[in-house]
Amino acid sequence: MPIQYYIILASALFCIGVVGVLIRRNAIIIFMCIELMLNSVNLMLVAFSKMHYGLGSADNKIVAVNIGTDAQLFVFFIMVVAAAEVSVGLAIIVMMYRNVHSTDVNFLNRLKN
Amino acid sequence: MINLLAIDWLLLLEKLILIAIVILASLFIAMYETYAERKIAAFMQDRIGPNRAGPLGILQPLADGMKLFFKEEIIPNSSNKILFVLGPSLAMLTAMMTCAVVPWGGDINLFGRTISLQIADVNIGILYVFAIVSLGIYGVMIGGWSSNNKYSLLAALRGASQVISYELAMGLSLIALLMMSGSLSLKTIVAQQMQTHWNVLYQPLGFLIFFVCALAECNRTPFDLSEAENELNMGYHQEYSSMKLGFYLFAEYVNMFISSAIMATLFFGGYDIPFFNESAHTDWGNWLALLGIACFMLKIAIFIFLFMWIRWTVPRFRYDQLMNLGWKKLIPLALANMLITGAVILWLKK
Amino acid sequence: MTATEILFWFLSILALFSALMVLISKNPVHSVLWLIVVFFAISGHYILLNAQFLTIVNLIVYAGAIMVLFLFVIMLMNLNSNTEPQRNSLIKLAGVIGGCLLLTVMVSAVRSAGEVSNNRALMNEGDIGLIQNLGKILFTQYVVPFELSSVLFLSAMVGAVVIGKKE
Amino acid sequence: MITLTNRAKPVDRKPMTFLESIYLWNIFKGMMITLKHFFKKKVTIQYPEQKRSFSPVFRGVQILNRDEEGRERCTACGLCALACPAEAITMEAAERMPGEETLYREEKYAAKYEINMLRCIFCGFCEEACPKDAIYLSETFAPAAYNRKNFIYNKQDLLIPDPKTQPEEFAQAQGLRELSKKKNN
């Protein structure tokens, strides 16, 4: 599959995530859109890893064994970070809900003044 | 790239037939698990249980199923209609999906073809099982939430946190096993156990932790907090009626069957025939495979009996006891088991 | 059209459609469920790219754990479409236009990058995505980041407990 | 503390040790108990086919007795109605006409005799109060019915069959009285 298909698919998903962050006010949905953006990046990384593997194996059969694995490990680490981020982030949202009884991000502008 | 025409149609047909057989068999077994549950409950309480429908009551599951089919179907007005229907179907789907990677037996020869009695021998077999098990909670959560009922919601939340907590200990207990086998494919693990000993001999603690976690994942007593009758009015499926309720109950029994199969595969040698050298009797052909399947089913039946035996013995845990057991007892035990196994493997290699 | 291509288009359309539904759904629970569908579609893409380990990790971590947490929090707060705050339509329109512009920039960048467009991602072959190869690299070359990420996890866990605790 | 049996154990509130708190040994003991019961003799009585015999002191639904010649013993004295704490018994007396000596034993008899089974508490005071041995509590219970009217038993329901004209039914009634057939048709 040509690589630009994957690039366009991933950027479309990423843009949908961006739009979601911009137009929604619910903190949880915004958070979910961030996850969506992370995932689109993951998809792109995996596609690129397979692209480099394909290029490398065409050039040289012996070196090719490990080409592209680092991208897939990056995806793995991104998932680790995402999981950590979600656990902290959701704890923050729960705390916020406990204090202001809403998950509306517009209520969170108290630091302004 | 595969061309549509280049697909091995015979293989596809073979797999489709196998899938159909496996699904039908697990539904059939789940049906008779309900009968077994009632009979075993009765026997343990000095009663004789259902014995009216057919000889010894063996048609009882059919009668129960018919009853569920003909009951009035009620969808609460204030419920979320789509999700209300989606919940039980998801529960059933995830329950049935796990059986794809279980090796039900060795190879058999039919019409000149060697047919592997496993739907898919993927090299991530155990992880696949984990993924599906962790998805299984959606059926409970969606059903509990969409009923728009406080008790259902509470039960769904309880169930979700219970399953997530026990998944950790389950995964950790399996890591020790995987360190020994060096493969995630269930078929390879069975083949290894056929050559040496059953894994339960090397990993008794791991098996125990896995078994307790399997009880929790299947929502069986003593961990049936999400369907506690006397605290939460039946729990997450309180608003369900007719066949939708039947799906939830059925999914639970299918889950029990599948998790028994997984345990038998991982720790008790799968379709290995105990005290019998299969490789010396390859001339038996298909009969050997059939004997293997029978052995596997026997092991599963023993596990199912164990599940039911525990259900009718042990009372339900309190919620804090459940969390304590999961986080403060099982996870440290599983970690210790993992460390010890790793150390022993290192030591033996030197 | 080969089977792989059909699957690719199907999964892509499914991913985009459900990502849009995440935005459009009024009810947060529906958003969560659509997002799960997106993750499944992306996992399907990973299978097509023969990255089996990532497929299953994606399912376990995202669909099995993270989304359950989201669902859990939403159910705990009892959010539904009635309590959902709405931005005014002008800001919504501005957001959509901004997103579309971003997409346009990205797509045109891809189109103008000529050398990339000749390359293809290998489908259904190449076993770098298998758990054995990834594991070897992970525990030799990447063992320090791996341990660091476990420390990160632990600190995130402690942090979540500290934040979530009632004082 | 004085205990009734020597099996009583004082409550122990020590915190559990680690081994106790994983519950394994105790669960194993409990499972052995249930397994033992699994193989025990079952106590089930297959109800419609098998019936459990009543205890000899069981107080069931009332019957009105006859003497050996098949005459009704009741003289409508009203002592049973007086003794009844639930006030379930009502009766009307009538005088025996000439020619009815084969029917009634004394000169006075109960023309109407009703017991409201919804009120009756089966205490057996009517049986104790009766000077003529006319009312007895049998060894069967009042069967279920669909409406309240059917629970008011009149004399035809209560009288046992005549030993002279219906000896078989009389013999049967001495064992069990099949009121259900009469009442629910």
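The first chain written gets the first letter, and so on, giving A, B, C and D; residue counts start at 1 in each chain.
We take it that a contact is a pair of C-beta atoms (placed from the backbone, for glycine too) under 8 Å apart; a residue touches a chain by one contact, two chains touch by 3 or more.
Not measured: the values here are computed from a predicted model.
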*For the chain pairs B-C and B-D, which is connected through the larger number of C-beta pairs in contact?*
B-C
*Would you mind checking which chain's C-alpha centre is most distant from the centre of chain C?*
D
_Mean-CA-position distance for chain D and chain B (Å)_ = 51
*asked:* Need the CA-centroid distance for the pair chain B / chain C, whole Å please.
replied: 29
*State, to the nearest whole Å, the distance from the C-alpha centre of chain A to the C-alpha centre of chain C.*
6
_Using mean CA coordinates as chain centres, what's the gap between chain C and chain D in Å?_
72
*Would you mind listing the residues of chain C that make contact with two or more other chains?*
4-5, 53, 57, 65, 76, 123
*asked:* Taking the touch definition from the header, please name the shape of the chain graph: line, ring, star, complete or other.
replied: line
_Touching chain combinations (by label order)_ = A-C, B-C, B-D
_Quick check on the complex: what are the chain A residues that touch chain C?_
1-9, 11-20, 22-26, 28-29, 31-33, 35-36, 39, 42-43, 46-51, 53-55, 57, 65-70, 72-73, 75-77, 79-88, 90-95, 97, 102-104, 106
_Considering only the defined contacts, which chain D positions touch chain B in the complex?_
21-24, 27, 30-31, 33-35, 37-38, 40-44
*In the complex formed with chain D, which residues of chain B make contact?*
40, 43-48, 208, 309-310, 312-314, 324-325, 329
*Contact residues on chain C for chain A in the complex?*
4-5, 8, 12, 15-16, 19-20, 22-23, 28, 31-32, 35, 38-39, 42, 45-46, 48-51, 53-54, 57-58, 61-62, 65-66, 69-70, 73-74, 76-77, 79, 83-87, 91-92, 94-96, 98-100, 102-103, 106-107, 110-111, 116-117, 119-123, 126, 128-129, 133-134, 137-138, 142, 145, 149, 152-153, 155-157, 159-161, 163-164
*Mind pulling up the chain B residues that touch chain C in the complex?*
1-4, 7, 80, 83, 122-124, 127-128, 130-131, 134-135, 137-138, 141-142, 144-145, 153, 156-157, 160-161, 164, 167, 184
